[in-house]
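Quick heads-up: structures coming right below.
First subunit A sits with subunit B, and in the next complex the same chain sits with subunit C.
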Partner chain A sequence: MDNSQLFFDFAPIWQARTLLLEGFGIAMFSAVAGIFFAILLGLIVALMRLSRYRALRAIAFTYTQLFRGVPLYVLVLWIYFGLVYAVGIDIPRIPSGIIALALLNSGYLSETFRSGILAVEKGQREAGEALGLRPWQVSRFIVLPQAGRIVVPPTGNQFVDAIKDSAILSIIGVPELMKVAQEQANMYYRPFEFYTVAGLLYLIAVIIVSKGISKLEQRLARFSRASKEASSGERRPSEVGG
Partner chain B sequence: MSETLLQLRNVGKRFGDHVVLKDINLDIAKGEVVCVIGPSGSGKSTLLRCINFIAPPEEGEVIFEGRTWKRFHSAFNFIANRKYEAKLPTLRAEIGMVFQHFNVFPHMTAIENVVLGLTKVRGNTRNVAREIAERSLRQVGLGDKLDQYPEKLSGGQKQRVAIARALALNPKVMLFDEVTSALDPELVTGILDEMRRLASDGMTMVVVTHEMNFAFQVATRIVFMDAGRIVTIGTPEEIRNTTEPRARAFLSSILG
Partner chain C sequence: MDGYQYNWNVVWQSLPELRQGLIITLQVSIMGMSLAIVFGLLCAIGRLSQYGYIRKFSVAVIDFSRSIPLFVLLFWVYYGLSLKFSINLTAFQAGAIALGITGGAYMAEVFRGGINAVDFGQREAALAIGLTQSKAFNLVVLPQAIRIIVPQAVNVYVGLLKGATIVSVIGVADMIYVAQYISLNSFTPFEMYSAVGVAFIALTVSIAGLAFLLEAKLNKGRSRG
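Take a look at the complex of A and B:
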């Protein structure tokens, strides 16, 4: 019986396994690199938004609005094709994709980080300043470590989104999982099988990452409990007076 | 009376239109224990927080060991203000502060809470800092809790960590901001005893408190505040016999 007569046929998957796994690797690499730079950029932008200088706050606010407001699809095309034609900056496919993922996610993460920093009880900064620590030392040793624990879950979610979003990089020809799946699906004329497997691979990656994040969360739980207790104390009306 | 350590001159503070402190003048000598009392909302805590500029006063100046600290107002003094702000940590390093809600750092163990200031502010090596921190924590009775996270400590123990954290830096004056108000009643005495010990060791202290017994026993002078002003200052004996009507009313409402 001819293979093409079968309703389901996963044999081509096995034949294309190396290509698929390579694509999967590139997808994961893009997502990890994208989120890595997004965390760096997001932190800088969050600190700018909390700056005492209005100009820095304005720049940061615009940045956040811009990259949260533009679809990833547009951003990817703009960086890969737009920049070459407009200003002659020719960035290869994979770096273009990583930059797009980093910019988009940094917009969201800057908001997450900003609210995480603001969630650290005010008395913590005051206690640090009262010791005679310089403002940057207070941020570095007292506020940011506590904010970091607060933002682990939402940052994990953002990472999960980045893994799934990396599929969009296929439009500029990044040879990641979705691009490979598309090509192979066309070649073997087996779209159902290839897209199913691609979907499953994304799903597996997402499940593993989610598990890792909740493990991390559990390990940090003792601190977050402590800070909740402290912040409920903060709201006591007696503190306002005196 | 020995030499003056700290002076507040015409200190004033407002939050928007609301005047919190007005025209505060207060001289504190070395070794004095000044207790600040008054109804809630009278500006006691704000006064304390003006001393180390955690809540910088908009008016007046603070003179600490002969050096004047003040904030300039006009926008022309932008650079002067930046300079003054950059130096504030050196003032704060000489002033210890303990808070109502402890404000211990929850992500650090007891000893790490104390070590932080010793290494980053005083520039001690980690080993020296740990030694000093351990001694400091032993002094407040936490020798067996060095490596505990604050979450595992009672309110009283957290407050002891906060006291040890401030004392380890060997400050010239200690500020106490209603430090027993958030404690369970049975833990209050222990903290007050700790403060009595400090006072008898000769530490200069400014204490905002609702504990009248403590204030009348330990204070060298008592400051009574109302509506953002110092209404009257005197020895415990003078305050007990004051004829100032608002102070009288406040004391009789509390002491019965």
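Take a look at the complex of A and C:
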């Protein structure tokens, strides 16, 4: 059958469905792993920025500026191609991509976490200390749980950005959705169809995650009056992904 | 690998080419931002429309454009659209269009947020003293909204500037493209990409700093409100 006349030829997409879904899986895995490490790093950097030692604050500030300023594309190239030559560490494609996503997002998340921690009312800490808790106990059981609720929506937005950004990993050959779409588009000479489908898959992922986050946000709001007031207010517009 | 010989000279020697590449990056991002402002304004006006279906359509367009990765949009415009509809776009044009679509969605939110942030009483007061609808908007609401819009628009631009780096993938000879082909010949990817990274960090940090100053300046006369 001659399909060349069809406006949207679905047949090649159907034939490549397993590959596309595998790519989609790798894209999601990279985004999840990237944001997971970004949260860990971001928390460490945020605590460093709130440290009483000036040196730690300075390091953390530089870190934040660095990874918020560098484009993901440059970071990915630098890690995958640059480091091999200069330092001799040969990091495979997928870990390289995850490291790049983690570093980039940790820069943004550290700022989110810092403002979340600062948003917890000072009286809470004082009350905890008055009850005889140690400083780490106050942080662990009183401040961080409340800050956690505040940072859920912006962290969710960052995860959405990480999903979108993961498409850039195709340039170093990570076999994620966009890479698969490129290969298949070239093979069938059907770029319009494959890139449309790739775009729709990202769209679906982003919509599901956004819906999930607003559900989670509502659930968390039930547990505290403070965060209900905070989260019903304006929501900081998220940044444009690189 | 025994002791890598750093060769920073390559960076200095290729400065003229890198600068040329940077100018192209700036051009693409400024073109993209211009499109984003037009597209964003249309979407924002659509969202504030009195007709329900125009509002719904605008919301859908905004959600759509900001949920699809810039990278996918770029390939969709450059390879997909051009083949399907036989439009011959240059790589530069495709890059600017993709940036315009992504940035437009963010700009729409910025415009809407800015206009909504102006107290409704301002508009009512303007209408009460006899200004027409359009005069009330242009003379009273807009000047106040601009204060909120400008700094956020600069932030969107910083995002687009970073996003613009991916146009080298479709062959625009921007700074990354230059860094790539020089490092292919001289085997110095570390030095070249470090230089490009530093250049971008310096650029984005200074633009963000500028936005901060601008915000402070624009907010100067605001304390009375």
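Convention: the second predicted complex is superposed on the first by the 221 of 242 C-alpha atoms of A that agree within 3 Å, B and C clash if a C-alpha of one lies under 4 Å from a C-alpha of the other, contacts with A are read in each partner's own complex, and residues count from 1 in each chain.
Basically, a contact is a pair of C-beta atoms (placed from the backbone, for glycine too) under 8 Å apart; a residue touches a chain by one contact, two chains touch by 3 or more.
This is a predicted model, so every value here is computed, not measured.
By the touch criterion stated above, A:130 is placed in contact with subunit B alone, subunit C being left untouched. In the superposition on chain A, A:202 makes contact with subunit C only, while subunit B stays out of contact range. The partner of subunit A that touches more of its residues, comparing subunit B with subunit C, is C.
In the superposition on chain A, contact of A:142 is made with subunit B only, not with subunit C. Of the two partner chains placed around the shared chain by superposition, neither subunit B nor subunit C is touched by A:58.
In the superposition on chain A, A:40 contacts neither subunit B nor subunit C. Applying the stated touch rule to the two superposed structures, the overlap between the subunit B and subunit C interfaces on subunit A comprises residues 234, 239-242. Considering their complex, residues 7, 65-66, 68-75, 77-78, 81-88, 160, 164-168, 170-171, 178, 181-182, 185, 191-196, 198-199, 202-203, 206-207, 234, 237, 239-242 of subunit A touch subunit C.
Against subunit A, the residues of subunit B that register as touching in their complex are 39-46, 52, 54, 88-97, 99-107, 116-117, 120-121, 149-151, 162, 165-166, 169, 177-178, 181-182, 208. For subunit C in complex with subunit A, the residues that touch the partner chain are 1, 4, 6, 63-64, 67-73, 75-76, 79-81, 83-84, 102-103, 106, 109-110, 113, 152, 155-156, 158-160, 162-163, 165-166, 168-169, 176, 180, 183, 187-194, 196-197, 200-205. For subunit A in complex with subunit B, the residues that touch the partner chain are 121, 123-124, 126-134, 137, 141-142, 145-146, 149, 222-223, 225-227, 229-230, 233-234, 236, 238-242.
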